[in-house]
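Common to both upcoming complexes is chain A, partnered first by chain B, then by chain C.
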Partner chain A sequence: MSAADLAAHPAGGSAGEGVSRKRGPGLLPYLLALPSLLVCAGILVPFVTAVFYSLERYNLAFPQARKFIWFGNYIKLLNNADFWNTVRVSMTYTVLTVGVELLLGLGIALLLWRRSWVTNLLNVLLILPLMVAPAIASLMWKLMTNSDFGVLSYLVSVIGFPNFRWATAPGSAMFTVVLVDVWVYTPFIAILLLAGLRGLPSQPFEAAELDGVPQTFVFFRILLPMLAPYILTATLFRMLDSIQQFDIIYAMTQGGPGNTLMVFQIQAYLQAFTFTNIGRSSAILMVLWAITYALSKYFMSTWTRLRERAHGLA
Partner chain B sequence: MKGISISPLRGALMLIVALFFLFPLFWIVLMSFETNTDILRSPPQLFFSPTLHNYAALISGKLGGGGGTMTVNYMQNLLNSVILSVCSVVVSLILAVPAAYAFARFKFRGGEDIAFTLLSFRFAPPLLVLLPLLNYFQVIGLYNTYFGLIWVYQLITLPLVLWIVRGYFEDVSEDIELAYRLDGHSWLSTFFKIAIPLARPGIAAAALLAFIYAWNNFIFALILGSSAIQPVTVGALAFITSSGIEYGQIAAALVLSVIPTLVLAIFTQRYLVEGLSLGAIKG
Partner chain C sequence: MGSLEKSLFDAFAARRLGRRELLDRAAKLGLGVAATSALLNAAQSRAMAADYDWMANKGTNLHLLLNKHPYADAMIANLTHFEAMTGIKVTYDVFPEDVYFDKVTAALSSKSSQYDVFMTGAYQTWQYGPAGWLVDLNEFINDSSKTAPTYDWADILPNLRSSTSWSGKPGEALGGPGAKQWALPWGFEINDVSYNKKILAAAGMSPPKNLPDLIDKAGTISSKVPGVYGIGVRGSRSWATIHAGYLSGFTNYGAKDFSTDGGNLKPTMNSAEGKAFTKLWVEMLHKGGPKNWTQYTWYEVGNDLGAGASAMIYDADILGFFQETDTKEAGNIGFEAFAANPDAKSATPNVWIWSLAMSAFSGKRDAAWQFMQWASGTEQLIYGATKANQVDPVRQSVWNDPDFKTRLTTSYPGFLEQFDSAAPGAKIYFTPQPLFFNLTTDWAASLQEMYSGQIPVDEGLDKLAQNITSQLQDAGISN
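Moving on, here comes the complex of A and B:
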């Protein structure tokens, strides 16, 4: 059952609900969930360790200076220009990618709304970029924007920008990685919104057409509100990924040129593996974790509300 | 809006969309059949005499052009990708399908909290746990092992399987299971004979999506493994940064790394779209 079906038949499987729940389930559910929990508990231990690291002065180059310093790393971050640069770059990257992908994805979904062999074919083909590993996608674009032989470098020189340096120039590096991100992830939003669109009831649109309601009104007052749950889900999902972006930027420039692309995880990676400063790296990651945790909490509560509403409809 | 047929404007827009999303794939495939001289020709050529030289070099592992050869075992990277992705998905299915069933069928104390905790791993910054894990793995000997990596891969594949399959179990009516139980069958045989077959499309979608996520993962093996067990995503990067490798060979390596997921995606597109939308709408 797809999301579209879910919207169309919201009652789902609630018919049998309550029948088995009269009997207490006892230990069974815990037993069933236990293996998953144990495997993931192995991950909780390192998480606690990471919290501890972030409260330590911990640099692999000076092991004897290792010491618990409470919030020293965090306080230093507040006065650190590089950290604020990282915050700014990450926010820019997230806003640009999610914004562009949302607009493009919505446009594409509307374009493919009506079924025909062309839209069905495009629908299949559109999923391909999404299947390419982000790191590999980045390398593909790197080959295409190479200044010696890249086909895109050639094309932009033909239309009058012979010195456009793509990811190697500070002015266009952000543009280039956002472009790769848009290439990989726009299909995700388009596919989600398309599933949403195709699951919408057709009566409101037919009624609006009969009444001669203007198209702009139909779009802003009927279509967008009905599509809102899907748009919200897609946006939050993409935001969570985008603010943690690592693969695309690492494969393209490792955060350069200079520190133009130093997003959270790249900055933390370099702090840990180039500057061996585990304490600061962990503190940066904890800040990122706090942001993603808040976002995912919000995401989960919205999701639960939407789902309950969908189930409560029938 | 239903009145609009394919107008020239719509046609043009669709063409632009197709061009933007397919051109990079098309171009890299083209490059992978070109010699270095053809690639370096300006303007870039659409027509050239294709060569299999790049693929042959990759498979034999002897790479390089005029400046001498170097040995790069890219086939091992491909094999590593297969091992890591397949094993991760199998482990995830074994662990998460029963858990998904528990979360779908029973309201139990702490159930939602546990489910959310498991899901939240999907959203946590991977590097945060990778730094301590690197230390631990080096101490307990899991660094640079398939076992260690497959375990860490559960961070992405397990929540995915859990949440997609849970949605399916919830949407399948419980009545059939109850009828089967009333016939005197045990809970275990009900689970295997009724619940799992009914949720099979969901399990397939989840397995497929988990495989793709695992195949495309980059950061885990970058940090927790050496080149001997790293998958293609990391292998290809090492490739592009080392000098002396022909551009066509890099393109061929990229093509080989994306072929499995692309082929899989085309043939299982229906399941995939269901998995994607379910995974997102339902969490």
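Moving on, here comes the complex of A and C:
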């Protein structure tokens, strides 16, 4: 068959066929796309419903009072000091947990970078906190920090803090829940960064060693820029998780003492499941979604830029 | 006659048991021929008088939602009796109290028919009832074709019957005109002081007579007795922190949560009386309370008393009752009707009533009502009070039961005296309104702030009242 023939019969029809007919793909593409469509619908339908609810005065206990109020819930939120306290607490928690976990995770990853039987063993041990559900970890920590019989309370009393109140006092509550979060999630960052470190090319480090480049220069000017996409990925994952924190704080303090640890998710949970105020709860979650979306967008664009730079495209 | 024997002969009288099986089981219970004959006659007489078909819903499956509680345990322990009597199969889900009410709210608000009957408190019905999630049980109670003649509704203590019924109008009295019966009282508790007799005796102290005395004694114990603190009360960021000791003392000092001026609710927890009492409450916590008070639920309060970690608790009387058996301090618990205000004539304990309610979305209402009759009936409640821990019983006949009285006087010395002394002033002291959970949760958060020194008591209560006014206006309950 010549090239001309091929051009005349692009579908590869046999010469025996009377009229050459272009056959469409049929239903196959739609069938292949169906799972994705279902997943999208599974995400979008509840999302759109929540958006709608957030524009309603909708309390399950007052079905007769339900009505569309446009941005009434949002206006009330923005004029409420408790809401701004929630924003502040959520942001503080996120910055502290992500910051501390990044520093510790990077440190641990650097310690485990070179392979040996010790580091291999530590790799396995490191994963153990990740095996514990955060709510269970919180209950463990709640017992360990119990002022009467907790082992940690005993230890801090030995070093001169006999009345340290951990999560039960406003001054130390944030410190305590951040500590639990750090214990649970630092291994996640360490493992992610360790994978990144072990995937880095060795040549730049060997060249720097040959040239006698100082270690601080190697760390800040070679290692960190090369590791930046991994750091950014780890930061993004943890930040999205932290800003949506629920289980650790709820299990330890239910958002207290007072409103000291009242983060977005607990506020939304109480509004929906205890106070049955679906409209208010949805509005809180929409604000949380907007913040999460903005942060993701920023981090994704930065990540893309860093990757392009790493590959010499920018 | 015990409840087991009675059940056995009732089952025979209702033709669910053959004569041979009856005789076998009677022999196993050690009953002679004469006793068997007498009991059989009595059961048959009862059955004839009952004139009610317990088997009318045979083959139906009921699903219950239960809180992990001794009342539920008492019912479950005897559930086969109900199943045998009615041919109704009963299954259930049990959840701990921390998450229980969220589970109930989720099930009801989603209009799920998953559960037919569930445990609830009276306060919860103020939210669930007006929302249309509960069946008004008057339609069954007043229908002689659906209710067994032996189900003695009037035998349930009048205060409890009225406390579980409400018109749905915010601020209107419980049990008032037009009230709907949202639930059946099942077991209740009044809030008083329970104490460890051994610890108080070792410290040379008598039980506290009022709040200033309690503060003094609790403070002394905390500072002088190693490993023991003075007074256990609830403190978690939850509505449950308010309704027990706090509201009982608050009321005794003459304070009230709301005023209902012309049907318009106005928060009054920041009254002079409310502020005076709350200052004393915070002082009590600082001097004699648990170190991690802000995490304390009733489980911690009770466990500490039973473990000898606390000398006293100001909480449900049954919490002290439960510590009298199978705990380290069993046998050492004393009970005291407690009037917080030195100037008060008597105690004013707020009441918590565990009740049974029927879901409006149940498709098996007749069967559900049969279960509710059985579970809150005299026979089952006597079983619960004498063989299990369904105390305080809601029926007068159970209080009059000699076995129950003997059990209390021999195994729980002082409990009956405490109850008799406190009961006349015991009732629900909250003003009924459907934002109960929002407002009491905020109240608990506010108490935590005052305790932690984040805000002074006066300012904290004023801010709370302001916040509550705004919430009531938002909901259209107040002008």
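The rule we apply is simple: the second predicted complex is superposed on the first by the 257 of 314 C-alpha atoms of A that agree within 3 Å, B and C clash if a C-alpha of one lies under 4 Å from a C-alpha of the other, contacts with A are read in each partner's own complex, and residues count from 1 in each chain.
The rule we apply is simple: a residue touches a chain if its C-beta (ideal position, glycine included) is under 8 Å from a C-beta of that chain, and two chains touch if they have at least 3 such contacts.
Just so it is clear, the model here is predicted, and its values are computed rather than measured.
Looking at the shared chain after the overlay, A:D148 reaches both chain B and chain C. When the two structures are aligned on the shared chain, A:F62 is found in touch with chain C, with no touch to chain B. In the superposition on chain A, A:L128 contacts chain B only, with no contact to chain C. In the superposition on chain A, A:T253 makes contact with chain C only, not with chain B.
In the overlay built on the shared chain, the residue A:Y74 is in contact with neither chain B nor chain C. Common to the chain B and chain C contact sets on chain A are residues 142, 146, 148. Within the complex formed with chain A, the chain C residues making contact are 101-102, 105-106, 109, 127-128, 130-132, 229, 236-238, 290-295, 309, 434-435, 437-438, 441, 445-446, 448-449, 451-452, 454-455, 474-476.
Residues of chain B touching chain A in their complex: 1-4, 6, 10, 13-14, 17-18, 20-22, 24-25, 27-28, 31, 39-44, 94-96, 98-99, 101-103, 105-108, 111, 114, 116-121, 123-133, 135-136, 151-152, 154-155, 158, 162, 167-168, 170-175, 177-178, 187, 212, 215-219, 232-234, 236-237, 240, 247, 250-251, 254, 257-258, 261-262, 264-266, 269, 272-274, 276-278, 280-283.
The residues of chain A lying in touch with chain B in their complex are 1-4, 6, 12-13, 15-17, 19-21, 25, 28-30, 32-33, 35-37, 39-40, 42-43, 45-47, 49-50, 53, 107-108, 111-114, 116, 118-119, 122-137, 139-144, 146, 148-149, 151, 154, 158, 183, 186-188, 191-192, 195-196, 205-206, 209, 215, 218, 229-230, 233-234, 237, 240, 244, 246-247, 250-251, 264-265, 268-269, 272, 278, 281-282, 285-286, 288-289, 292-293, 295-296, 299-300, 303, 306-307. Of all residues in chain A, only 59-63, 65, 76, 142, 146-148, 163, 165-170, 252-260, 270, 273-277 touch chain C in the complex they form.
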